[in-house]
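Just dropping this structure here.
Letters A, B, C, D, E and F name the chains as they come in the text, with residue numbers starting at 1 for each one.
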Amino acid sequence: MFSYQIDENLKLMLSQQHQAEVITKVVLENLEQLKLWMPWAKDDYSIDSARAFIKANLTEYAKNGSFSASIILEETFVGGVGFHNLDLKNKSAHIGYWLAKEAQGKGIMTRCCRVLFNYLFDDLGLNRIQINCNIENVKSRAIPERLGFKLEGIHRQVEWLNEEFRDWAIYAMLKQEWKK
Amino acid sequence: MFSYQIDENLKLMLSQQHQAEVITKVVLENLEQLKLWMPWAKDDYSIDSARAFIKANLTEYAKNGSFSASIILEETFVGGVGFHNLDLKNKSAHIGYWLAKEAQGKGIMTRCCRVLFNYLFDDLGLNRIQINCNIENVKSRAIPERLGFKLEGIHRQVEWLNEEFRDWAIYAMLKQEWKK
Amino acid sequence: MFSYQIDENLKLMLSQQHQAEVITKVVLENLEQLKLWMPWAKDDYSIDSARAFIKANLTEYAKNGSFSASIILEETFVGGVGFHNLDLKNKSAHIGYWLAKEAQGKGIMTRCCRVLFNYLFDDLGLNRIQINCNIENVKSRAIPERLGFKLEGIHRQVEWLNEEFRDWAIYAMLKQEWKK
Amino acid sequence: MFSYQIDENLKLMLSQQHQAEVITKVVLENLEQLKLWMPWAKDDYSIDSARAFIKANLTEYAKNGSFSASIILEETFVGGVGFHNLDLKNKSAHIGYWLAKEAQGKGIMTRCCRVLFNYLFDDLGLNRIQINCNIENVKSRAIPERLGFKLEGIHRQVEWLNEEFRDWAIYAMLKQEWKK
Amino acid sequence: MFSYQIDENLKLMLSQQHQAEVITKVVLENLEQLKLWMPWAKDDYSIDSARAFIKANLTEYAKNGSFSASIILEETFVGGVGFHNLDLKNKSAHIGYWLAKEAQGKGIMTRCCRVLFNYLFDDLGLNRIQINCNIENVKSRAIPERLGFKLEGIHRQVEWLNEEFRDWAIYAMLKQEWKK
Amino acid sequence: MFSYQIDENLKLMLSQQHQAEVITKVVLENLEQLKLWMPWAKDDYSIDSARAFIKANLTEYAKNGSFSASIILEETFVGGVGFHNLDLKNKSAHIGYWLAKEAQGKGIMTRCCRVLFNYLFDDLGLNRIQINCNIENVKSRAIPERLGFKLEGIHRQVEWLNEEFRDWAIYAMLKQEWKK
């Protein structure tokens, strides 16, 4: 029911159980692409996976305010964006996101991230936002680069995905660097 | 962060911890009035009460989708509306609400309830919405009466409040009676 | 092991696990009748249902003193009577009961309820006892009517049972009305 | 509410929270004697101790059927008898008991134990009942000796009580030895 | 990883999950003998049994310091020794142990027990160590007898094992009796 | 009780509650130095802090095998070394350590780390070990540099310590790079 209106046809929404079916459909349509980068995108993804994710996500939100929002473009679910590893003591969090194929190339994720960063820096008072991208995931790395994040390092073999170890590019932005 | 826009200057919002201060301020300003009807409105209400309420509310939302939303009028917190006793087996819920003095008399609660009823009947698939009002609370009883609820009975001495037993007027509306 | 002797051949007993078999037998013999009114009386009722009920019942009793007692007529299990929704703050509870066919028509439930009401009003200090009956359940409604309860209202479509919504007649008695 | 009638003026009762005051009064009157043998009988015994005991006792009863019953002589609380260390796999339990001074010397505990043993051997199907007595507690040791238990051993320094180690006499009775 | 070196070729080790396979192998090789005395040694013993035991054992160790150590002879797992029923209030514990056939007759268990008793009496400050042996288990009874324990009693039919009740010989040693 | 012997006078030990006093003493003696880098080293450090740490550490060990070991030099506690963020899915962990002043400069930590790395790469089968050092902590950074770790990046303002944000140097070693 609850959402954040970004502009006329784009909004972020806190998904609920009665939206599990829609999420499942879009994930399955994009599964081939998602499997390349996302550890949760597995061949046996089903409506139960979506339900478990929604429940875990809302529970996290209740516990500490961190969430993964659904991206809604013209009333259609097209992806997710959110943060995890919220660390209020050190005032930092990690960002994650994905977008369905047909919604890519329109600057949607950049607009979503801007809203999310304002929330994290201003409402939650964070000081540092980190984004971890698979080094070969060019589209994903374009987001922090376009938004002015600094590349802080390459973590080698830090993730086991699809039967091989993968490297991550670590990007970060500090509050003082963020110009709205 | 997340809200439901009702019209240009009115919205419902799922409150988060960083909004506890605002809620506390408005509750304390309206405490004399609220104490007459609300069991949670006590002389020792403080920001900790607001924080505990926000946490319990989000936890319920995560568990079963029931919530109590903040009412935001022109970016100002002016009250709450929500539902509890959500019973998915029998497809019913109870509604509760309150409004700060300066926001009363403008049809705000009626507009909020309309939105909430659509959500309960359509998205959650409920069949029955019940409202319990203290029989002497004329303003509160005006809401279900204006919205076409049926008065189903008077429950005698059903609540112990301010050192005396109070009677409730029980109103209900069925899905088949609800015309949007 | 523990019971409350009502008169020479009638007693209430707090059932234990080793009595699950007896309860199951009587429930199954009366299943056709019970299915009309009781949400727990389902076609797949088995000794596991009885065991789960006994455990939940004793756990409730340990937590807050509410219970559902077995009715024992001449050493034979013939039904149940108890209370739930115990609300010590508002000093109220709801009563529920059922009786096997061959034990009906002898005033047994009336005698059991008298004992239970004394316990609730005197030992637990309650102020209000409520009984919810399906409006078509004539035998069940006869109990509160015979005992002098007041009919406070009809709640429409408040229970989903056997694939249709059912109405409840709501009866209540206050402590001041109870003459032993 | 629930009890087991032993004879005309003696019964066992499963105590509830509203009986905490009565229990506390009798324990405090007998505290000097009880402190000699019972680890729970401490100088700071209060109604909170009684409440915690009642709650723990009912919770155990709900979980596995073991209990400590109140002994009621002519409607007066005079002590406790019960069992713990219930071991359904090995079909055994330990018995414990205490009696207020003014109720001693009347064969009350022997009558209570007889009832309890029937329950344990017949209803719960146990095979072995054990009683651990401080070796210097002559009155306590008289119970298993009068009831025909066998002294199986002396466990040296097995309990730390009142700043010294105490020895226990271990008595046991097997089902095959129990003649009702 | 962590162990206690007893002498050049004998040590005690706190087993971890990656050692489950080794434990399982030795238990299965000795199953016929172990089944005679040990309730956990069942025909369906598998690596899952070993894993569950390791986890429960480490959890106990974390909670209160009690453990069951693996006996390692020349880098080979040959049995277990440990304590349970740790009672810090009464300063006592029970010892248990078993040894693979090919490691018996070399005084290994006596050496292990000496180390364990020093730990229990000196580091944990216990006052009493108890060993319960099946009365027919001659090899097991030889341990407390060789170490100077006192036979305190025979508990009749205290364990249900392999479809019959078994008697235990109860041995104990007090701190004052222990000469290193 | 349990330890890992590194060489004649150096060992790692899994600390238990009865060692809390010793740990507290050494931490307090080194508090000025530790406060510069360790978030847990606070002015109010006490034996309760040590006890809580020991309990949490053993609980983690029971749950997933990760631990922080005490470093014992000639029977004296001189510091700690261990790992956290154990990630069995991605086969990685983070290392942490500290050493009392009087034990520094003797190559102790290098010897401890070698043992720990063998355990992590060989027994637990990890692929990547990461060390996060405050960029200004020269002594701490000397460890991964001496052991051949690769500096993968600098994470800016990633820790809030002593009222300012601190940068971390991120070092990592892969299994294929580790020569024993």
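The rule is simple: a residue touches a chain if its C-beta (ideal position, glycine included) is under 8 Å from a C-beta of that chain, and two chains touch if they have at least 3 such contacts.
Not measured: the values here are computed from a predicted model.
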Smallest count of steps, each to a touching chain, taking chain B to chain D: 2
Task: Superimpose the Cα atoms of chain D on the matching ones in chain E and note the rotation angle, 0 to 180, in steps of 5 degrees.
output: 180
Query: In terms of contact pairs by residue number, which of D-E, A-F or A-B shares over half with C-D?
result: A-B
- request: Please compute the C-alpha centroid of chain D, do the same for chain F, then give the distance between them in whole Å.
  value: 52
Task: Averaging only over C-alpha atoms, locate the centres of chain A and chain D and give their separation in whole Å.
output: 62
- prompt: How far is the middle of chain C from the middle of chain F, if each middle is the mean of its Cα atoms, in Å?
  reply: 62
Task: Quick one: which residues in chain E touch 2 or more of the other chains?
output: none
Query: Is the way these chains touch best called a line, a ring, a star, complete, or other?
result: ring
- prompt: Can you name the residues of chain A that touch chain F in the complex?
  reply: 39, 89-92, 127-128, 130, 150, 152-160, 165, 170, 172, 174
- line: Within the complex, chain A is touched by chain B residues 1-5, 12-14, 16-18, 55, 58-59, 61-63, 65, 69, 119, 123-124
